[in-house]
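Here come two complexes built around chain A, the first alongside chain B, the second alongside chain C.
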Partner chain A sequence: MLFEPYHLTYVLRLIEFPKHDIPFADCKQPKLQLVQVLSGHRGRVWNVSWHPGGNILASCGEDKTIRLWGTEGGPEGKWVVKTSLTDGHERTIREVAWSPCGNYLASASFDATTAIWDKKSGTWECNATLEGHENEIKSVSWAKSGQLLATCSRDKTVWVWEIAEEDEYECAAVVNAHVQDVKKVVWHPTDEILVSASYDNSIKMFRNDPADDDWSCIATLTSHTSTVWSIAFDRTGTRLASVSDDGTLKIWRVYLPGNGEGIGLPDDIDPRWKCVCTIVGLHSRSIYDVAWCHQTDLIATACGDDVVRIFQECPDSDPHQPSFNLVASSSGVNGHHQDVNAVAWHPTIPGLLASASDDGDVKLWKFLEGEL
Partner chain B sequence: MSPDEKENRNPTIHKRIEDREITPEELDDSVVDEFDCREIFDLIRSINDPEHPLSLEELNVVEERLIEVDNKRNSIDVMFTPTIPHCSMATLIGLCIRVQLLRTLPPRFKVSVKISPGTHATEEAINKQLADKERVAAALENKHLIKVINECICKSN
Partner chain C sequence: MSSGFSGVLQLTDLDDFITPSQECIKPVVIEKTASGTGSKIKIQNDGSYVQVNEGGDTEKLRRVDISLSDCLACSGCITSAESVLITQQSQDEMLKVFQNNKQLRECGKEKESKLIVVSISIQPVLSLAARYKLEPHDAFQRLSGYLKSIGADVVLDMTLSEDLSLLESETEFLERFRSKSGGSKTCLPMFTSSCPGWVCYAEKTHGSFILPYISSTKSPQQIQGTLVKQLIAKNRSYQAANVYHVTVEPCYDKKLEASRNDFYNEQEDSRDVDCVITSIELEQMLMSQNLSLSDIPPAEVDFPWLEGSSSTEPCSYKGTLVRHRGTGSGGYADHVMAVAAYELFGESSAQLNFKVLRNPDLREAILEKDGQVVLRFAVANGFRNIQNLMQKLKRGKCPYDFVEIMACPSGCLNGGAQVRPEEGVQQKELTTQLEKCYEELPIHTPKSNPLVQEIYANFLGGMGSDRISTSLHTAYHAVEKMNTALNIKW
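Take a look at the complex of A and B:
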């Protein structure tokens, strides 16, 4: 069942950027411009998440608080902290995730619980706590339908939760497929397929089997040589980006049963995922997060070398052997001063990106296209 | 093994090196002096071993020659040598070194703590764990563990 992709390695041409950060009028190259610094967290900021409407940014970190940021005086205004949620968790909050409807915020914590927040009473409060994991929860993700939630933990399991009724969450499955910590869970953008990334260097995909109502593993993606920290689908769900402690960014592509490319066996019932591009040599440390913009198709990475990088697919790229260029990065005085832990593209404003860092700051960036 | 019994009952004890001589240049605030291996060594040499009433220097677990400092790239690489290849304390010792350096060095430094190649049975697994900042962060929130770490570090201060 394991499929070993022969992966093509591209050492990309590193585009030279101007060394200074002051934008000059005739700059034609694409760049990442700092929009605003959001300071307030004490200590490391682990994660950021945009509300689907785009008007709230949630951030969380080792100070055990969630901050909700919004603009002052209209959508073009300055981002300020609107609310701090402080009483939900006893330990580090590792990740926050908005439900697709935008009414709920889920927070995953090292205290082994997931809290669900809503604003039904007029102010944000925690109205449900999901308990069951043995230890630190690393990630939480809502399915597109909003009816399912997934969490993962150092206890090596992935849990699928079903929303039974208002504020009632039931554990629908405990998936024991990884042999080490599970670092990240992400749902497919359209189908009910769950994907997890692990300290065991693998990525796994799961689907509910209606026959026994169990979540079974339909694909195992192996190619990374160390912990896979994060994964992100493109807008179509036919490609997946993954980033790892091995310093590489990989692009995977799905080949459905009976594809014309001759990938996989004719009697395959499950899709095959093949690594079609590996980007090596550009990130000098562990890569902690990846975000694939569903508006612009740009890929952003968050790296332990303090840099946010932006990748763009080459226009004449072969779909079976795509190539990506590094088109901009956040280095320089405006950049983060410590590891970058998370990146998130704004859901409606093309090119607007949020990043979270060990330096305690959240930064907002605008990707500016180059001119020909 | 009873809790009082030590894994390595008769460790070889090494002599402590002389204290660093402070030069007039180092006392002069107008002279920029960069971090060097000796300075990093001085920060970790007195950490107490979790098992023995001895310092990591006396047990030869840490050595100046196993420290690399790159001021330009802001990286510090420390290697340590467990006294025996099956030492169950190796992860804890690594964590103590990491925590001490996290607390004393400016945050611009990227610190890596690893086992000297070939000196521990599960070297790779321990190195991976020590390099995983999420696991380290979670471990440091464990009250019991941080107490043990603090005891090892504080005896030294």
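Take a look at the complex of A and C:
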């Protein structure tokens, strides 16, 4: 496969998506309610990212623009485009990511550069460009500290960038661990551990080795049978969700050295990640993104079958063999009309979710809990 | 790391999904032969193509062969072209030549046989010494013994070429620095050129912007090539094409260097270095014969440099393994800085201390005069440091006068094709061991080598002669990125 999947646009749906069985016959079902459609991008929308303060949503796509959305007339108001950033990239913008402080926005593009935007001058401007990748950049992510940034590319490498001084970014490492296109980079929510997902079907974790200040692979997670498109940590950083072209959502759990569960470790230093749950058969196409809400613990997936799905852990589930229920999905007239590329939970409003699709729209959803 | 290339070259593999056998984009000239109409092409069981003409005769069709120099000139895949390398620059190819030579001599066709010369650089000696737990000098002589046992006529060290490379780098730097101080537009910092991984990356990725900064001085491997193919060949009355010159190097990138068209003499149909083999390939050769280097009887390393010369001055280092001051990659920064401090600022005993900056692979030394920094030199190894250097240069924020650049982290002692560490040993531990080994070798300075004067005066035709630039310098070529259907995307 040479290209970012230019998903085949058959309309035929061969597998009818199975309806979820609700255990309680007389309850009001949980549902995903459409809040608003944000239209404006020309062509597919690749990614959405919430500002850590929650008042700006950034979106990007193949029209090479970044749109910054905000509400009109107070936080409850309608979301409208506040700014369009148009002159940063020469090709598709694949991903956008806010720095933890909220002052910087990073954009990763197929033009092999990553742009860093800020508003120091009063308007949003690109004040640094990170060059070095050989070709298309697929993902960008800021570490919790805000001092490190990671990018990954079709050139199979993962780069770690360090903020040297104001608007100066230095390459701290080029990690050559994957054997194929790297699709996603994500930082651990608390530790300086970097995780990447690849077309080589694996997930890898990296950590800085103080001996030579280089980054090395500390874990390789294999279980998916096709491209791993995206990964997301839960709020504690002890579990990781991954989604793949193989149509599964997997949950991984960390076992630290000396764990009471007798999980063997490759060596005595690094933790071991074990796949503790695989959700099969619910997604009928490639799953492109996953978001794990750090407020509600809900998991959202973005799928090539146009559907956004919400999963919730069963209350009595065994932590070493957890089970997750599909509790809601975005099917029907309100849903996206083409592949869903990304999902992102709002950082402060529980249950508010943004999704981005090939149909050119960003949609905002509200997850409503079921009632007995 | 399974590839013998430096990490930098693995990165310049421009398109990750193609291998040359599948999707080579290099246009090739195909010699057309008149084919009768009505001929058919059939595919045989072995996958070969034959042409069947009207009379029913079959003729095997030639495959188009892509050579390594085609690959070098192309912006497409490069290091995935290992299959190309294997056909031209491998132990098999070398052994084939050795075998062929032996047979010719056994049949009494001595005159048709070639003079086989093997030049060994220091890093593989240390790598193999560590692998077989030998003293470096002992390993060197046993390696010589092994190569002679399989067919080498002459085995050489590369000290003389390293000396010439350091001296030419020094001259080039002084010229650049003086002309810049004189106000002309000269490219400083000067970057070393002995690492072909870095040069290849610069040519492919940064093109004409970066090339003027790269030292035109040839690497020791290529200077040795010139000396062997011109001086030694002449002294032994061989045509250059009848000398088969093998170098032993720590990195596959050196194979690419040897294949550059700049080092091919069309008139004589001869390459300065015909074949490059690496530490790891020598280990494989020994293993395939169930041999350990310690089993091999030692043999002297040859010293044919004074043949045909009237010089009688003794060479103190003859027959010993020596090192240069500074890094295990040749010590360019140390040497050039020491000379520059003296020549430009009259500092004869400046303490040149290379301090670690962001990481151990980025080190810097400064010379201060009256509180001002007058010289700033650096050693940058590994891709991340090269990368930051390039970005700084592009933004006009590169503070250096000279940078010794090697593509491999820790430089050439940790070359991509050095012998791998034993099970349980970290790569870094092995590199540290090799560095320590290198440190312990006796220090040699280029100016103390009487052969150097001999080469300049006689072989090169005196100081300032044109032959110096043709024999000891080379040129670089930007590789234009090709836009093919494969890499035009939305």
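Here is the rule we go by: the second predicted complex is superposed on the first by the 342 of 372 C-alpha atoms of A that agree within 3 Å, B and C clash if a C-alpha of one lies under 4 Å from a C-alpha of the other, contacts with A are read in each partner's own complex, and residues count from 1 in each chain.
Keep in mind that, in the parts below, a contact is a pair of C-beta atoms (placed from the backbone, for glycine too) under 8 Å apart; a residue touches a chain by one contact, two chains touch by 3 or more.
Note that the structure is a prediction, hence the values are computed from the model and not measured.
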{"item": "Touched partner set for A:174, first chain B, second chain C, both or neither", "value": "second"}
{"item": "First, second, both or neither for A:183, with chain B first and chain C second", "value": "first"}
{"item": "Chain B versus chain C as contact partner of A:157, first or second or both or neither", "value": "second"}
{"item": "Contacts of A:110 with chain B and chain C, given as first, second, both or neither", "value": "both"}
{"item": "Which of chain B and chain C A:134 touches, first, second, both or neither", "value": "second"}
{"item": "First (chain B), second (chain C), both or neither touched by A:211", "value": "second"}
{"item": "Which of chain B and chain C A:236 touches, first, second, both or neither", "value": "neither"}
{"item": "Contacts of A:91 with chain B and chain C, given as first, second, both or neither", "value": "both"}
{"item": "Touching partner for A:39 - first (chain B), second (chain C), both, neither", "value": "neither"}
{"item": "Footprint overlap on chain A, where chain B in one structure and chain C in the other make contact", "value": "62, 91-92, 110, 135-136, 154, 181"}
{"item": "Interfacial residue positions of chain B with respect to chain A in the complex", "value": "107-108, 110, 128, 131-135, 137-138, 141"}
{"item": "Chain A to chain B touching residues, read off their complex", "value": "44, 62, 91-92, 94, 110, 135-136, 138, 154, 181, 183, 199, 226-227, 245, 285-286, 304-305, 337-339, 358-359"}
{"item": "Of chain C, residues touching chain A in the complex", "value": "7, 10-17, 205, 358-361, 383-384, 387-388, 391, 394, 409, 428, 486-487, 489-490"}
{"item": "Contact footprint of chain C on chain A as seen in their complex", "value": "1-4, 62, 91-92, 110, 131-132, 134-136, 154-157, 170-174, 176, 180-181, 211-214"}
